[in-house]
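In structure tokens below, several structures.
Next come two complexes built around chain A: one with chain B, the other with chain C.
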Partner chain A sequence: MTTPQRGSSNPGLLERLGSLDRRWIFLSMGLSIALPILLQLRFPEVPGPMARATFDAIEAVPEGSRVLISFDYDPASAAELQPMANAMVHHCASKGHRIVFMALWPLGKQMADQTIDQVLLNFHPDLEYGTDYVQLGYQAGNEGVVKLMATNIPEQYKTDTSGTKLADLPLVGDLRNTSDFKLVASLSAGNPGAKEWVQYADSADKEAFTLVSGSTGVQVSQLLPYYPAQLEGMLVAVKGAAEYEMLVEEKYPVSKDAERIGQGRVRMGPQLVAHMLMIGLIVLGNLAMISGRARGGAQ
Partner chain B sequence: MNQTNRPDRSDRRDESNQDPASTRTPVKSYRLLWISLAVLGFSLVALRTAAAQGEGASPEAARDLWTTLGIWCAAFMTLGIFSFLYKDNPFYKVCESILIGVSAAYWMVNGFWSTLVPNLFGKLAPGFVQSVAMPDLPTPDSPTLEMSLAFVPLILGFMLLWRLAPKGGWIAVWPVAFIIGTTAGMRLVASIEADLMSQAAATMKPLVMFSDSVDEAGNAVRAFDFWATMGSIVGVVGVLSVLTYFFFSVEHKGVVGKTARLGIWFLMITFGSAFGLTVMGRVTLLSQRFEFLFQDWLGIR
Partner chain C sequence: MMQRTIPIAILSLSGVILILAYFSPLTTSWGETVLNWFNVLAAVAFVLGAGNILRVNLEKISSQRPGWAYAAITLVSFFAMLAFGLFKLGAVPNAKYPDIHFAGDYETTASPYGWMYEYVLSPLTATMFALLAFYVASAAFRAFRAKNTESILLLGTAFIILIAQTAAGMFLTAWIPDDSAFAFLRFDSMRAAITQHIQTAGMRAITIGIALGVVATSLRLILGIDKNYLSSR
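Let's turn to the complex of A and B:
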């Protein structure tokens, strides 16, 4: 923001805004986020084409198909990605897909465990480990893991997280490579993540499986060029999560703990108010600058 | 008089907020040390108390106790980090130091247990690692071969650490060259396929687009798709104009200059949307922290 003109006899309100202590802005930003949470403000979401493409891609896969969900994030990005993970796991399980969980990030395994506990087994308690879902966990190696999985999964993952050999688990006993999945989803916060899945898995066999992603706002600009040719569906930050939640809940409503499939929409309330505040501050800042310049020019 | 002085004060205030690192409140190191030790001591006592109570309590009660303790620690850290928004203070510095220390320690332990133990020690001495550290470690199919191969990264690792030795630093250059070479080789093929060929193919699509649908009578209908056509045109114009901006073999004058100028507009819009998405991500992080404070910590629902 601009500083007031020295020597001006009576600075106006706009000029005084120019010298506003930035802590007032921090406070107003805090309030703009805190109040919608406390008041539980929710606004209607209209699903966009990317969220709808992701939903349709999972719907298009035949019931009972083997799908892979890679948790490529940690708690630092859970605010944006966990709502997507919850909705996607519920969606896949409701559709009857058999889910293989894995992680390219060390704490991704814990995020997947949490999702299995709070969503998969909470909403679908009849699912059986080994037949309906398997947790492969984290493997070190970044993009090397994806590259090896594209050619030889048993070489990369000899056991699941509990130490059971893959051959002893019906769901993954005959897995050879990523082409054995009908759909791969990467919930990605950076490197390694969705970009590596496009580069090393999708490029290895473009027709074998459908690749979709959910990513943080920071990473979206890197991934947008891949949509829709290489990434058939894409959830863009918390906005994408909220839109996708709407589509999932509309078709597969839950009878309890509905907030698990509604975190994205809850976080869109503060988004709206905070963005309105930011736009207002940008307008005020520019007006203050223009006013200061005009006053300086007049003198 | 007041009018004249006010800008000076605001200037000083602005300066203090402009660069926090340069104007941080001087905190004497011993005071910071005592505060850190006090926090650490309090945490240890609390953990010991929780553990002692947990031993005699039911598993659910013990878990609740640990959860409560974790929530209070997380709330303490969150407020400590937020306190920097007012001004730099010891509370913030303690939280910052704990965050950095815990992060560094976590990555070191994680690297040891997820990489070195299973991928190196587990292949050099699988039986020992299984009996001492990782009972779930898969037994190698051909132990002799895997052990022999594991010596390659072991030797390269030692060569890399040779950089710390007073003499023979050049030895570390060889494993670095190996790492760079293999990484470049692996990424080159993937980038050419996914980022060059596929992206070029995705750009080469018809400028005029049609959409196929079925009418009420069940007949296939092909109609002009205005928005898809606009998308194609904008995509092609954007790619060509941005490429022109980065083409420096011709002076940016006349038609080339105007096209490059258009390319700058496309770049600015791209950067703007990327910035907007970043802001959205940061607001989400803040709202999640507030949700934690209000709901998990204070119990306001």
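Let's turn to the complex of A and C:
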């Protein structure tokens, strides 16, 4: 057995940390996400300007207006976007807007169905299909769908998801194009999504409707150049959802299943701890590098 | 000759019609027809994609390449979803038309297709995405090093955004008054400055560059100068 001596090449604690087995990192990350969920950690949020702009944009639309919500995401992004969808649908319904649902992503239709069941009909059971809301579903074509809807919706959507002709549904019977909506919202996880709504629908008739979006954190860079000129409101990732939820719940509280309109705030707990862990890991990694360099220089 | 001339003619005609439709209301209906073709082609692309999945995975299984068992699982899952969805197997009968099988609801969790979507596909895709958190943490620990000025700037920016995206960002610097001369040191102010000025400026430059590139490429395609998308045969 040898005893470490001054000036030996045995690595110090920090350098050993530099070669930390990544399974420890995985375990730490797992715990930092699981514990806040299990302990139901919640932190207060202060609504930022983007969440407030989104809330105000929906509020500014006259009561009873026809609005379009496009579900441009799938279950992979539901953790970020579903809380926004829940709060936005509840907000629109509470304000008395009549909602048309659609999707540019194949599984977006299922996300919209889920929101209709769990939020719209749960909190607003008196709403009637065809008059107060309609589900148009998914159509293949990506930006082609948006572009065609900008000029001729009946050409793009002949029927709703149940096969009923649009002409037989009071809410959409007289729809001509996207200019017939007062508000369009895209809950977007990528391409096609909010960017296509800006480029093809908003540009076709800038004054006709208000365009807002909710996007994942990774997509926000693409959308920032359009805020606030084209996108009058923008919700960014879970934080945006949490801030928007606060505004919605403050004005339109729900008496049951309040957690449906609080999913964003629930997810901010794990996000806080996970982000702090990331910062800690980056600092540790850099300290290990500096320590290794110092030792190398000394030798 | 015809194999190349006809696709180029279709592309050029479609491109010209879409440009005209944007500027002239008289040609709007032509543009709509072209867009309808585009959407039909996009739907056909799903069939081609499915055919490709089938071909790639069948090849892998037949040649017993490493991981062929995964290919078999992919194909079994593919055919199961296809059969349950296409033929509405086990669909919940429609209350209005109980005798018409295809009027049934196959998307409810009471049917096999809906059940597999809700309890297999949906959690699996969410899990795959969630795994990123673990790999990003590991990569950040190993690779995010302050080795030079650029990486120090990147690191500083990452710290500000990571903290500002949580409640901690608000409360760590909430003691700095909004209207003070030091308000720019608040995490929310720093995040806003980074995203709205630095990030947006960079993204605008990239977006304009991409747009110019798309215009140039589209013109080359419409004019028949660029034929790389066609088969070389």
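We adopt the following convention: the second predicted complex is superposed on the first by the 289 of 299 C-alpha atoms of A that agree within 3 Å, B and C clash if a C-alpha of one lies under 4 Å from a C-alpha of the other, contacts with A are read in each partner's own complex, and residues count from 1 in each chain.
As a working rule, a contact is a pair of C-beta atoms (placed from the backbone, for glycine too) under 8 Å apart; a residue touches a chain by one contact, two chains touch by 3 or more.
All of these numbers come straight from a predicted model, not from anything done at the bench.
J.: Following the superposition defined at the top, how do chain B and chain C come out on chain A, clash or fit?
T.: clash
J.: With the two structures laid over each other on chain A, which partner does A:L148 touch: chain B (first), chain C (second), both, or neither?
T.: A:L148: touches chain C, not chain B.
J.: With both complexes overlaid on chain A, does A:A34 touch chain B (first), chain C (second), both or neither?
T.: Once the two structures are laid over each other on A, A:A34 reaches chain B alone.
J.: If we overlay the two complexes on their shared chain A, which of chain B and chain C does A:V220 touch? Say first, second, both or neither.
T.: In the superposed model, A:V220 contacts both chain B and chain C.
J.: One more residue to check, A:D21. First (chain B), second (chain C), both or neither?
T.: first
J.: Answer with first, second, both or neither: which of chain B and chain C does A:I282 touch in the superposed model?
T.: Once the two structures are laid over each other on A, A:I282 reaches chain C alone.
J.: Applying the touch criterion given at the start, work out whether A:D180 contacts chain B, chain C, both or neither, answering first, second, both or neither.
T.: After superposition on chain A, A:D180 lies in contact with neither partner.
J.: So, A:K158: does it touch chain B (first), chain C (second), both, or neither?
T.: Touch partner of A:K158: chain B, not chain C.
J.: Looking at the overlay, does A:D56 come into contact with chain B only (first), chain C only (second), both, or neither?
T.: neither
J.: In the overlaid three-chain picture, which partner chain does A:A79 touch, first (chain B) or second (chain C), both, or neither?
T.: Both partners.
J.: Give the stretch of chain B that clashes with chain C in the superposition, choosing among 8-16, 44-52, 134-142 or 170-178.
T.: 170-178
J.: Where on chain A do the contacts from chain B and from chain C line up?
T.: Dual-contact residues (chain A): 22, 26, 29-30, 33, 78-79, 139-140, 144, 147, 217, 220-221, 225, 237, 239, 271, 274-275, 278.
J.: Please output the residues of chain C touching chain A within their complex, sorted ascending.
T.: 28, 31-32, 35-36, 38-39, 42-43, 45-46, 107, 117, 121-123, 125-126, 128-130, 133-134, 136-138, 140-142, 144-147, 155, 158-159, 162-163, 165-168, 170, 188, 192, 195-196, 199-200, 203-204, 207
J.: Where on chain A is chain B touching in the complex?
T.: Of all residues in chain A, those touching chain B are 3-4, 6-11, 19, 21-23, 26, 29-30, 33-34, 37-38, 78-80, 106, 138-140, 143-144, 147, 158-159, 162-163, 165, 198-200, 202-203, 216-218, 220-221, 225-226, 229-230, 236-239, 266-267, 270-271, 274-275, 278.
J.: Using the touch definition from the top, list the residues of chain B that touch chain A in their complex.
T.: By the definition above, chain B touches chain A via 3-4, 6-7, 10-11, 13-14, 17, 85-86, 110-111, 114-115, 118-119, 135-136, 138, 186-187, 190-191, 193-195, 198-199, 201-202, 270, 273-274, 277-281, 283-288, 290-291, 294, 300.
J.: With touch defined as at the start, can you tell me which chain A residues reach chain C in the complex?
T.: Going by the criterion above, the answer is residues 20, 22, 25-26, 28-30, 33, 43-46, 48-49, 74-79, 107, 110, 113, 139-142, 144-145, 147-148, 151-152, 155-156, 217, 220-222, 224-225, 237, 239, 268, 271-272, 274-279, 281-282, 284-286, 289.
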